Each structure stands twice: as structure tokens, then as C-alpha cells.
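First chain A sits with chain B, and in the next complex the same chain sits with chain C.
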Partner chain A sequence: MSNNQKKRNFQIEAFKPKEVVDPKYAEKTWKILENAIHEIYNHIAGGLNLEELYHNAGGLNFEELYRNAYNMVLHKFGEKLYSGLVSTMTLHLKEISKSIEAAQGGLFLEELNRKWTDHNKALQMIRDILMYMDRTFIPSNHKTPVHELGLNLWRDNIIHSSKIQMRLLNTLLELILIERTGEVINRGLMRNIIKMLMDLGPSVYQEDFEKPFLEVSADFYRVESQKFIESCDCGDYLKKAERRLNEEIERVSHYLDAKSEAKITNVVEKEMIANHMLRLVHMENSGLVNMLLDDKYEDLGRMYNLFRRVPNGLSTIRDVMTSHIRDTGKQLVTDPERLKDPVEFVQCLLDEKDKYDKIISLAFNNDKTFQNALNSSFEFFINLNSRSPEFISLFVDDKLRKGLKGVSEEDVEIVLDKVMMLFRYLQEKDVFEKYYKQHLAKRLLSGKTVSDDAERSLIVKLKTECGYQFTSKLEGMFTDMKTSQDTMQGFYTSHGAELGDGPTLAVQVLTTGSWPTQPSVTCNLPAEMSALCEKFRSYYLGTHTGRRLSWQTNMGTADLKATFGKGQKHELNVSTYQMCVLMLFNNAERLSYKEIEQATEIPSPDLKRCLQSLACVKGKNVLRKEPMSKDIGEDDVFLVNDKFTSKFYKVKIGTVVAQKESEPEKQETRQRVEEDRKPQIEAAIVRIMKSRRVLDHNNIIAEVTKQLQSRFLANPGEIKKRIESLIERDFLERDNADRRLYRYLA
Partner chain B sequence: MGIQKDTVKFNVGGKIFETTATTLANAGRNSLFGAMFDDNWNLQSERSDEYFIDRNPECFAVLLDLLRSGELCIPSNIPEKLLYKEALFYGLLDHVRSAKWGQFDGNRLRHSRSIAGQAPGDGTAIRAGPDGGCCVAHGSVVHVYDWMLEEHPPINLDYQRVNDIGWIDSQGIVISACERLGRGDGGMALFSASTGELRHRFHVTHENQVKSYTGGKQIDFYYEPPGWSLGDADKVQWLNGTNCLLVATLFPRKDNCYISLLDFRDKSMVWAWSDIGSPARVDEKRVRDAIAMEDTNSICVVNEYEDLGFMDMRKTVGSVRWSSRSRLMKGKMPDEPCYPKLALHEGQLFSSMNDSISVFCGADWVLTSRLRRSYGGSICDFSIGGDRLFALHSEENIFDIWETPSPQII
Partner chain C sequence: MRREETVKLISAEGFEFVIDKKAAMVSQTIRNMLTSPGSFAETEHGEVTFPEISTTILEKICQYFYWSLQYASGKETEFHIEPELSLELMMAANYLHT
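Let's turn to the complex of A and B:
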């Protein structure tokens, strides 16, 4: 016995489960399957479809292959089957890889695409055969399922092979570059190849294509945008950028992953817009300001839509627009030429506003932030001119006097709405109220207002804007007008008979306080008139006990019938003062200034103006003055102008009035406004302190300003004075410990 | 190629079957038959007029009938296991499973099988899996059964005593284990249901033991107010509708019962109830289990006599409205009583007491069915899932499976 044999005797056989299949049989089974995989690849490469494959590939029988794979898994040869599959498939993929590498030039992508389609077909068939393994062996052993395995192997052996990876990427990028220069490429093929990268998993698509694609695109657009910006004007540049952006979006929809859209548009936005934003906006002769000046809605809209895509894009446009509006607005309101005609001035503001409203609605998508910027700009420059409230009121006055004749109701509303819009920008709304009241009073008393509806409509608007308080006096004026009418009717029904055919009297009873009355001296009325007035006074006081009537002779008008030298008859429409003067000539041929002044007791500046309009206005000079001159002197003598002629029967003798306020008048109005503000500020302080009890100085100022904002911008110095005054009157006191604190005293 | 003829001939283990492509298409793509067709459900080859399949013809007949009618009828001469094996070969196992039993209805449950195990000692918990399997915890080992009630390799966490178990999905089971005295190990781990492999071990770092799991990763700890012991909770339940966690600490563990709803987004207790300060005769109304019912915004509790009580989740101060059924049950307590447990499934409330499970339905929770088996002793735990109800007995190591029969013929 040799040593060797002895050893063998001692060998202990490992325990074997009894139902082990002969490994040789497993080997044989695997050979059949391996052969089948070869057949599948070879035949598919030969262009056969699945059906023909089983039909023609003699040895292949699906049921048999399925059973063989099943048996291997059942008898614990799953591992062998799986690793065999991996190596066989890898072998084929290596060969496929060589044939793809060998493809020349443009055929490269086509070959890759064809092989990919083949591989997918083969993979489907292999998976069907190995379905049992896929379902049982793979999940319990944490292996990769057959289909995914096939994709992974393709990725590792084809896409990531050193000779294909860079070539594939370069080919794809080159094709995209070609397409960007305007040539046509095979988009179907591109789509298939990109789809393959996506099928291989998001990371393959991103790493092997998307990332370099974005980098190359960034370079491309950086260079291109540089070229464009040096050669194009702003409008053209934006057109080009927009076209590029749309091209990229279209490219994504044709053959890239939808998720890439945001990324590539980001690149274009950054390179073409964000990086050149300031240069574009400020471009000489074609930048944003020029677009605004020339109302280039299309270009502005394009700019808005492109800039909206990048951070700070819109704020850049907005800032430039705002400063432009402020500059032009400031020029407008401070231009002394403009200030000559208030109506023209306001019309300019409205036109400016219309222009920008149109731009915002047509080009800027009605963007709220732009509207706000526009509003704040207007607010800024309108208040630069302290006469704006007066001018706006004058504009309304003009419109309501004559401007709205023959204009439809809707158009009236539109004009009024526009005025209200300007009104909203005013900080000193109470100044506007002052002027508005004066102008309204004139309109009402002279009966010059065109449309009662329009007047009321504006008051309703003011009321909704500023509240009841703001308009209560204005409404009072309308009520007075109405009651006066009724009163006059009542007066004539009760006294009509006894008055006979004497002069007719129309009295407007104005409530003190509601109207902007100036205390004035009553002049001496002609005897006929004063008798009639007395009658009215006793009638009125008889019906309304406890009231006081005083005559505002400076505000009335009169119609006089006059016969001149050659018998020409005219009806003269004059003011009450003028009436008093003219009536004197019923009894006298010529009168000196002194005599007139004595007889009428009209205050001398008013008398001068009134005589001026009677004697010095060409075409309306019912009186003659000696000596002839423009101005009225104390020593002048007046005669009836017998030679007076006029084409019209009715002659309106206007009073020479300054429409715009003169400087001293302005000062006076201003002073009255300031006076009126004091009680309002005090009321606000008391209201606030009543609820807060204790508050420090800065907070009071802030709250008062806020509360009064809708009427005027309170001056902190004035507020401080009011606080002092309230302390003096024991409404408030200073805190003993902290002097900055105020305390409310109930 | 014209329209294919629809009939297909199979030779299965020597027996000829004739069927149609339409019938075979019912098998779906992911089956042997699916692979025989091309993308348009045309048969892939017509080489011969019949297909040979080397399988058991009786089982093929049963499975073919399943494809034809959607009904599963297993003749008594075919072992179920054999049929399942054959179904696995054809890729029809899912079809078999879904035809095996009907949609769950507590009032139509029939006892299907009882499975006896070898593990010593009392069962701790039983949990139904999402696709009809279950797992049972006995001491430190968890036994896993698939829907065919085949036992898989048991799982354990370092052989520590299991506190609770739960299914993450059809493939994952989580075990939470007690710490061994003085060792401070304990913890939670995720296992594969089919192989018993350890997949992931959760790192739980807290001085308290882990009593139960809620799924997901440990993000943070919630520190309970003193006296309201969350660490000792008997029951936790995640409420999907309100994103709150119900935590109940109950009688045997503590002298009083505490139930609270916790909102982890702002770490606050949004609802709470306790029986501290209840009238003196409480000992017959001691809460033994609690369950939140989000559909009715109420919390159901049960005492040791299987009286149900209800509380309104929307009221901040909860008071229990008891329904008095305990008279019925009194006087027949078994030798080894088990505390009642509650479960809710699609508007039906289940409560286990001693050796039976009661089913309650409707707005007033009327008792509609009672499930009882003659042997095995009291039910210590039960669970509903995968359209099945599993009940674990405490005296003998046995659990019952209750199923709803498949739909009636007409």
C-alpha cells in the first residue's frame, strides 16, 4: 500500500443532500441556454424579428429554454445561470462595441442606434426565457433583474467604453452646434440616442450628456451674446435672445429630457440676459428710456418677458423706468412755461399718466409692481409743485364750466376718474379742498356749471376717497342751491301780485360756514332793489325765525335792459356792483369816480375793477371814461357810451378777474389752510392719546401723520406745537420720569 | 400575415389542452404565456400546431380554469403546495393568491386554517402582512409565514426579547426588542421577510427602552411631561389624517391610564385624557386598550370586561361614554383571561376578549358577529391585513386564519 492510498482511505466525504443533480447535467443545460443567447444575438443582428427567430433558428424552442432555466434555478444552479448570463452578454456587448467603434463619421450614431435597438430586442427575449430566475432567484439573492442588468452592461461596455464615450458626446454636441447655426440635423436619430441615455438611468443622461451640454452651451452663448451686444441695438438684441430661447425650448421638446428645459433656459438667460442686463437697459439711443419715449410696446414687452426670467431683471427695468418718469415729471412740474396755463399743465400730467398706463398694460403685463412704481413716481413729482392742488381744481373747474359740453356721460366719468387719480397722488388734499370749494361756489352762484350730474358724481368720488367729512360742506352747498330755489318760488307765490312788473329778484341763501365767503361790506343798492330786498328779508325771516341774513353783494349778478343813444336796445349781464354803478346813470349824465364811490360804497379795489370792465374793455364799453386810459384814476369821470354797439342783443360784461390766484391771494389761502389744519391735528392727537394713554414723542408724530395722510402731510414741527398747546390746556402732560413720554389726562 | 387563429393547443405532460389566446392573455405579460406572445398579443411562432410543456396536467387544468373564469377551484386530490409550485413555474402565483380569498368583511369571515408552531412559551404578538402573510413573535424569536402559510426562516435580534413587530412593506419586517437587564442593548432592526436576513439596524439612543415602532427613521425624541409616560407606552398609533401619534399608557403598567395625541411638528401634546380623579368605582372601568378612529373623530377604549367606551377627539377635555355590555359577559371568565384588544378595519371595529373576537358595525357600533374557535384558549393578540384576520392564542401555540370567501357566483 502506498502512502497515497492510505490517505485516501482516511478521507471523509462531505455530506451531500441526496437529490443533487449532476453538475455535468447543469453544465449541459447551461450550454443550451448559452447557445440560445448567442443565437438570439446573432439572428437579431441578421435582421430577423422575434417571430422569425423562433421559426428559423432551428434549435430554439421557447418552452424548452424556459424549462431549462427553471430547472437550473430549481436545482440551485441559479448562481451559475446568472453569472453565465453576465459573461455571455458581456462577450456580445464587447463585439458590438467593436462594430460601433468601426463605424465611420456620420454612420457612428446610426450604428449605435441600430445596435441599441437590437440589444433591446435580445434583452426582451432573454428575459422571457429567464423569467423564472427573474422572479425567484434574483429578488431573494439581491441580484439585479435581467432587464436592468442588460442596461447596466450596455452602459459599462458600450457607453462608457473609452473609445465610444467621448466620441458619442462630441458627436452629439457637434450636431447640436450645427443645428444652432441653422442647419437641419436628423432629429429622430438624436431623439433615439438621447432616449437611450435616459433609459440607462438619470445619472447617465446627466453625467454623460447634460452636464457637458450645458457647459458647451454656456460658452456658445457667452461668445454669441458678446458679438450681438457689440453689433446690435437693444431691440434687435432682445429679438435675437428671444429667438435663441425659443429654439432651446423647442430643442428640448424634440429630443431632450423635459427636465433639461429649465436648465438650458437658465443657461441662455444667464449668458444672454442676466450678464448684459445693465448694458442693454442703458444702451445709447435704443435702451429702455428710448423705448419708453417712443412707445415701443413690442420691444418693451419683449424686454419684460425676457428680464422676468432672471433674478433682479424686473427690478432693473422698474428702477430705470421710475427714475425716468421722475425726471421728466420733475421737469414738467417745475417748468415755468407750463405753469402759465393750469389746464394745460394738468392735461400734460394726464397725458403722461395715460402713456405709462398704456405701456404697463400693453408691454408689462399689467404688473402690479410696475403700477406701484408708476404711482409712487407721480406722487413724488406732483407734490414737488405746491400749486398742484390748485391747478387740479382749476382743471376740474374748466372741464365743468365748458369742457364737458356735448360729451357723453361715460366720457365725463372717464375724465373725472382721471382727475381723481391725480387727486390721489396729492399729499395736501385739504388745499385741494379749499380751492375746489371756491371754484365750486363760483360755478354754482354764477350758474355756470354744465352738468349737475357731473358735479355730483365728482363729489361722490371724493367722498369715497376721503370720507364724509371731506365733502359734507360741498354737499351743503348743493343743498343750499336747491332750498334757495324753493324759497324763491315761495316768495313769488306769496308776494308776486304786489310786486307787479318791478325788477325780479333771485336770492340764494347760503349757509354760513359751508361757503367760502369773505366778510364784505354791503354796498348801497339802488332804491328799487333795496325795497325788494327788504321784502324778501321780511318774508324769509317770517318763515325761518331766529336766522340772520346778510347780503353778499360782491357775489351777485344782474340783467339790465338798457337803451343807448340811437335807440339800440341791449340786455346787459353784469355783476351786482356793476348794476349799482350803471343804475346811477339813470339819473345822471356824467359822474366822477368820487361820486360813484360815495353813492355805492363799493370797496375801492372792487369798484376799480368793476369800472375797468365797464369802461375799458373793447366791445363791451357801455361807459365812456375821461380821460381815456387803461387804468382807473381817482379823478376820472364817467359817461354813458351812447355809441355803444354790439352784434348781440345780450351782452355779457365780465369782471376783470384773475383766474389764477395772485401771489397775495395764494399766501392768504395757504394761511387759511394752515389755520384749518391746527384743529385737525389736535383732534388726531387727542384721538390717539385717548386710546393709547401713554406714548412717546416719535410714535405720536408717526401715528398722527398716518391718520392725517388721507388729507394732508402733517408737518412734525406743527404737530409738536399742537402737543405743546394741548399740554397747556391740560389735555396731556409730560411723564415725570421720562420727559419724552406724554400722558393723556381724562 | 393575416389574422391568426385564436385557438392554441398545449400538450402538458402528455395531455392535450386546447384554449384561446384571449384566455392566455389573462395571464399578463409577466408570465410564461405572456412571453409566448409578441407585443400585439399574437403568438410568436406557428412552427408546430401544439406546444409541449413538461408539467403536471392536473394542475395545468386548475390554472387554466383560473385564467378562464378568474375563480380558483382546487380539487381535493391536488395538494395546495403542488399547485402553488406549478403556479410559480407559469408565473401565475399572484393570480392564485388574489383568487384564493375574497375582500375582507368582518361579518362574512370563515375560519380557514389554524397553524400550530413549535416555539415554547406564550406568543407576544401577531402581525398581518400586506399581502396575506403574517409574523408571530414568541419570546425572542419571530416566525414568518407567507400567504401560502409556508414558514420562512425565523428572525431574531441577538435573541433579545421581542417587544413588538410590524411590517414595513411586503418584504420588510421591523422588530423592536427589549434591552437585557444591565446591558443597555435593545433596539430596532429591519429584516427581509423571505430570507430572514438583517437589512438595517436602527440606532436608538435613549435611556428608555424601545417599546414599539412607527416606521421610518428616528428623527428626534419627544420628551413627555412628567407622569405621562411615553417611554412606557402600551400602544402607539400613527394617525394619517391629523399627522399625530396616539400614545396610550394603560393599567397594568401604571396605576392610571393616560391617552394622548402628540404632534411632532411642534412637539406638543394636542389632546390628552387620563382616568386620574375618576370616581372610586373605576376598577370595573379600567381602560385596557385604546384605538383612534379618524373617520368618526373619536377614540375607542375597552375595559377588562369588554365594555366599549368612546371619547371625542375634537373636544379638548375628554370624557368616556361607556356602552354597558359587561352584564352579558360576567360570570364566565376563563381560567387564563387575556386583556381585550381593539382593531379597526374599514369602518368595522374588532375587539378580542378571552377566546372570541367581536365585530362591531355602524354609527352606534352594534355587535354584528363573533368569531370563536373551540380550542387554543384565550386570544392574546390579533391582527388584520392582506384581507385576512390572524388570531394568536395564549394557551396553546396556535394561530387561526380567518378569510372572507371569494365572491358568490351570482
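Let's turn to the complex of A and C:
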């Protein structure tokens, strides 16, 4: 008796085995128990105190009932006891069923609930007194345990009774419908009834309630969503759908099985969202496009959260967003109005990007796939305009010239990062490089850059983005600037004394190749200047043997001190060309265009531009022109404008700066870019072939395109030409058997 | 001791043993008797009559209840059973589901 385990090891004979001589023993004992079961049901149903029952029933108590049941089982009357229990309980349940059926209207569920509670209580008591049977007889005879038996009987006699089954279902569904229309129902009662169905086994809950519930819900939401979509705009519809969804989730948490949540939300999602997805997205005046246009973060967020629940929901949003961005972007980059101002053009792109970044972070949960879609859309439309690289470079140029003045370092970084982001979208990065180099050269030579740090920071960014090769020349430009400073210092320490009061020279020695120099005709410098230049040349070549210097007069600037007719003095900041022109007037009153051209040998288009800025710009017209007109003619005559005044001492006379490139210049740059690409393509082909030895045509094209992707999008036709050129030069050969195969010749 | 915490066990001969409810509930049968939802007479009065268990055995059973509680709380001692009682005790154990 020390523990249960030991005890079960051997069968125990009846406790105090009395010989059952009385043949009516079983019958008598069962009568007692049957009576007790009746009493239990009646007592619970009638709310009677068991003590009265105890007295009325002639001294029955737990111990006695238990003992009787115990003895019946011991004396092999288990079967009689069990079947007796089944029939007695069934009898009671049939009565209960009648009383539930009789309940009117709203009382039905309450009656059902009350009887259910009673039954549970009775079942518990019956199980307790029949515990011995539950413990020994039932497992060894493979019968259903008492508790489960009670539930099964309840299910068969009550829930599945013909008069209750449908009524119960309809009542439940009706109550849910009432609740959906916004009225309050007795949720506690609902919970109890649903709990009852769940207690009776998952199949009862599913078959007798959940399945029809889902069907009815689907119908309900199908009708409702149809009604909403006819009458609401997209935003309102989504609000309603969201509310419905939350209602259903709340309903599940209040009185349904937690497992139903996925199923019912699925129904709502399907009926309210999936079925109307396209219509919602494309809804006129309120659909996705309008939300994007109006930055409706809340609505967009709602749409995202609802659509993500249904298959293909997000891709629908994404596709519409992508095509919208592409369309607007395309309009933006091809709008001729926009193209007039590169800075504003790029600013528009940045604003557009900011707008969508914000939408994605606020409404679309920073979804990676959306970010990718955004990026690919930008890449798509930025490259639609072949001038994008130029414009982005111009934008940087503008920012670095003046835009960043007085802006904190962090803000500079932000702007530069944004530019880099646009840069990443470019397919023709080498074109950008070309323009960037030009613009950088102009900035450096004219000393216009606002912040060296910002310049360098951008170069570092470009380097991390595209590698060393991309920026080595740009860095070379900075180095040249630095060494030039040192060189000039050296020049003045050694020659300073003999130069005296003459003009000061600042030479920037530029490495050919690093700088975007154009082969230009050197103009005739004024005598004082050319003497000085000669001195510098001999000084420089003296220290650096074996080099060649050529003057790039088209890129220089000069500061002139000028005195005008009435004695007003000004310092003029001009270009080298302008300086040459103005110096001529030291010795002459009036000069004709032809004379100036002869004396300076400045190329005629440059000279015209230079004269235009000297004579035709109001407020900066240090020269006077006869006849007065906007344009420079070959027969014009120029005089010093004695009446020139300015409220500033220093006057900066800009050349009509080449802001945007003109059409021929553009063609030229393009051509140079194409030219530059050739060796790069060839190098890539050779690199690939060197490692692969043999490769077919399509694979070469693919590999080359991949290798050069970070710089530009190589044109297959061009690659083919390069291959042919390499074959001619015996780098490669075609395979004799298979003409599509190329072989590398070491 | 308060009445709610004790229970009176009565032997066939009418001897009464008042013991802690906690101890009595070592028997699954007694536990059910006392905790069943319907208020049985036993629950009402806090006493249980065992007309088929003799005083000697019931006494031994009560001793066992307390021993069992101790054993469960980690105090491992031997529970001595006189050989002549063992059969009856085992039958009572089966009955009481102990």
C-alpha cells in the first residue's frame, strides 16, 4: 500500500468478500445508484439542497454510493452498471432536450446554457461516485470513460437533436449578424455556448458552427464589400475593411476558438480585399496613384497592411507604384521646360526620391521590395535622358560653387549622399565622370570651390562606389593644385627680387591626362605677361627636366587694376582672354574687332563671347561698342567705357559661362566618351579571355557587360567591333570549327 | 483546529478519527468525496463513515496518510506494516484509491 505502482502489480480480491448469495443483489444495488443519479439530476435542476435529498433518499451519501458502485464492479456487474448509466443518463438528457426545445425565442440559448452547466455538474458528481468503474472496468473493457460518455450523450441527444441542431446554429449566426450591424449582444452567453461546442470536441465545433459561420460570413462580406465599393472612395473603403477585420479578430478573442481567427480573417480578406484589389488600386480620384500624389501616408499604410494579408496584394501595390513613378519620372526627365535648368532638374529628382522614400518608410514599413522597386524605377527613367549624367554633375557643381555656403558639414554630407544616390542610378557613369572632371577643373582653376572638404568627401564617395580607377584622375587634379602652389612659392623665392613691381603670375601645372584639357591655340599674351611666363618656364624646366609645358590660356583668370575716365578705380576679375583684350586698350583708344582678333589670336567664338561679356552685360560693361547691339559683329568697334561705374570696388566679369553644354559640345563630349570606352572594352575583353582562354560570343558579351556595369552600359555592337579589332591585332582568333568561339592568343 | 480543515473518519465500529483534510486527501476517493461539485452529505458534515473498514485498519490508514505527506515532502522513513494487517490494508487501499 506504500504506492500505487506496487499495488497494481497483482490483482486484488474483493475487499471483505461477502458471498453474493442474494441473486437480486445486482438489481438492488443498481436501483440504489439509479436512484442516486435521478436524485442528482433532479436536485441540481431543482436547486435542492442535497442534505434534504440525503434525508429523503433514505441515508444515501457519497461513501455509500461509491461503495455500492465499487462492489458492483468487484462482483462483475460492471457491464450492468455501465449500461445502466448510459440508459439513465440518456433518459435525463431526452427530458432536458424537451425543456430546451420548449424555450421561447431569446430564452433558448440561456436555457441551453443553464442545462449544460447543470449537466456538467451532474456529470462530475456521477463520475466521482462511479470513479472505481472509471478506474478499473472501463479501461479493461475499452469503454468510453464516464466524462466523455456524458459529453457524447449530450452531443447526440441535445446538440444533434433534430429540433435543436438547426435552431442553435441559426440563433448563433443571427446573433453574430446582429452584432455585425453594430448592436450589443450577450457575449458571455455566446462564449459559453461556443465553449460548449468546443468541449464536445473539435469536430462538433467545426461542423456544427465554424463551417456554416464562415460561409455565412463570406456571403455577408461579399454583399457588404460590393455595397461599399459602389459608394465609397478607396480610402474610406479601406478604413471600413480594416474596421471589419479588427471586429472579426476581436470577436474571435471574445467568444470563438482562437483557431478560427485565421479562417475568418481569411474570409474577410478574400471578400473585402482580394476580390476588389484591382478596383481599389485603380479607383478614380482616390486610388493608389492619388494617394501617392497627395502623400496620404495613413491611407497608404492602411492599404499596405491590408493588402499584405492577401496573395499578390503587395505586388499589386508595388506594380502600380512602379509604373506611376516611371510615368511621372519619364515626364519629368523628358519635359523640355525642366531641361532648361539642370540644377532644378536634379532638385526635382531628389525631391521625388525624398517623397517616395518617405512614403516607403512611413506607410510601407520600409519594405525592401518596395525600396528595390523604387530604385529600379529611378534607374529606369533617369537613364531615359542621356543628359542626366551631365545635369547631376552640374548640380554638384552648383552646390559646390555656392549652394553649400554657410551650410553645416552634416547638411553638406546629406546633399552629397543624395547626389551619390542619383549617381548610383546612372548607367553611364563614365559620362558623369567626364562632366564631373570638366566641372571640377573649372572649379579648381577658378578657385571657386567653396569647401575643399566637401570636394574631397565627394571624391571618397565616388571611390567607394566605383573603385580607385574611377577617381584616380580626379585625385590627380587635387595633387596638381597642391604641387602648383609649392612650385609658385619656389619660383617667387628664387626670382621674386628681380621681378619687382610687375604683374604677379600664378601658374597651375596640370598633368596631361588628369585634366580635361582641350588642345587649344595659345593666344598672344601681352608683352609683360609673356616675359614673365618665359621666366617661369625656364624656372620650371630647370627644376623638372624632360617635361613639356604648354599654356592653357583658355582656362586662366586675371585680376586687373583699372582706372576709368573720371578717376574711378576698380579691380576687375576677368578671364585670361578678357585680360588680353583689355590690356590692348592701354595703348589704344578704339580698336575694331578685326584688330583685336589679330593682336590676340583668340579663336573667334571665344573672342566673341569674351567681348560680349565685356561690352554687353549691363553693370559690367567696361568696354563700349559701336554700334550698340546685343551681339558682336565682325565690323564692331570697341572703346573703353569711361562712364563705367559700379558700387563695388571689385568687379567680377564672368565669361558667358557654359552652363549647360550646347548641342555641338554635347556631341563632342559624347564622342570623346565613346572614344574612351573603346580601350576599356578592349581591356575587359582581354582580361576575360586571358582567364577563360576560350569563350563563345554571347558569353563574352555578357561578361564584358557585367564587368563594365559599374561604369557604363556597354553596347553589344561596340563590343563586337572591339572583338574584331582585337582579332585583327592578333590578340584573339576565331575557332576554326566553331565560328562563334574565340580563342585567346598569348 | 478549524472544522473546515479537518475531516472525521468513522470506522465500522464507530470509532472517530479527526484528521487534517490535507492528509485525508491522500486518498483519491476521499478527495473526490470532499471536492465533488454537488454538496454531498460528507462535504456538508465533514465526516465520512466507512462501514466496511475496521478501527485497526482505519487507524493504520490515518497513520499512513500522515506518513505519506512526510514522504512526499522529502522525509524518507520506513512505514511499518504488521504482516497480519497487510491483506486488509491492501484491500482498503484499493477501495480508497491510495
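Keep in mind that, in the parts below, the second predicted complex is superposed on the first by the 705 of 746 C-alpha atoms of A that agree within 3 Å, B and C clash if a C-alpha of one lies under 4 Å from a C-alpha of the other, contacts with A are read in each partner's own complex, and residues count from 1 in each chain.
Note that a contact is a pair of C-beta atoms (placed from the backbone, for glycine too) under 8 Å apart; a residue touches a chain by one contact, two chains touch by 3 or more.
Model, not experiment: these values are computed from the prediction.
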item: Partner contacting more residues of chain A (chain B vs chain C); value: C
item: Which of chain B and chain C A:F62 touches, first, second, both or neither; value: both
item: A:K121 touches, of chain B and chain C: first, second, both or neither?; value: second
item: Touching partner for A:I40 - first (chain B), second (chain C), both, neither; value: second
item: Chain B versus chain C as contact partner of A:Y25, first or second or both or neither; value: neither
item: Contacts of A:P139 with chain B and chain C, given as first, second, both or neither; value: first
item: On chain A, the residue positions that both chain B and chain C contact, one per complex; value: 50-51, 54, 62-63, 66-67, 70, 128-129, 131-132, 135
item: List of chain B residues in touch with chain A within their complex; value: 30-32, 35-36, 38, 42, 44-47, 51-54, 88-89, 91, 194-195
item: In the complex, chain A residues that touch chain B; value: 50-51, 54-55, 62-63, 66-67, 70, 128-129, 131-132, 135-136, 139-140
item: Residue ranges of chain A in contact with chain C within the complex; value: 1-2, 4, 7, 12-16, 40, 43-44, 49-51, 54, 60-63, 66-67, 70, 121-122, 124-125, 128-129, 131-132, 135
item: Contact set on chain C toward chain A in their complex; value: 28-29, 32-33, 36-44, 48-52, 64, 79, 81, 86, 88-95, 97-98
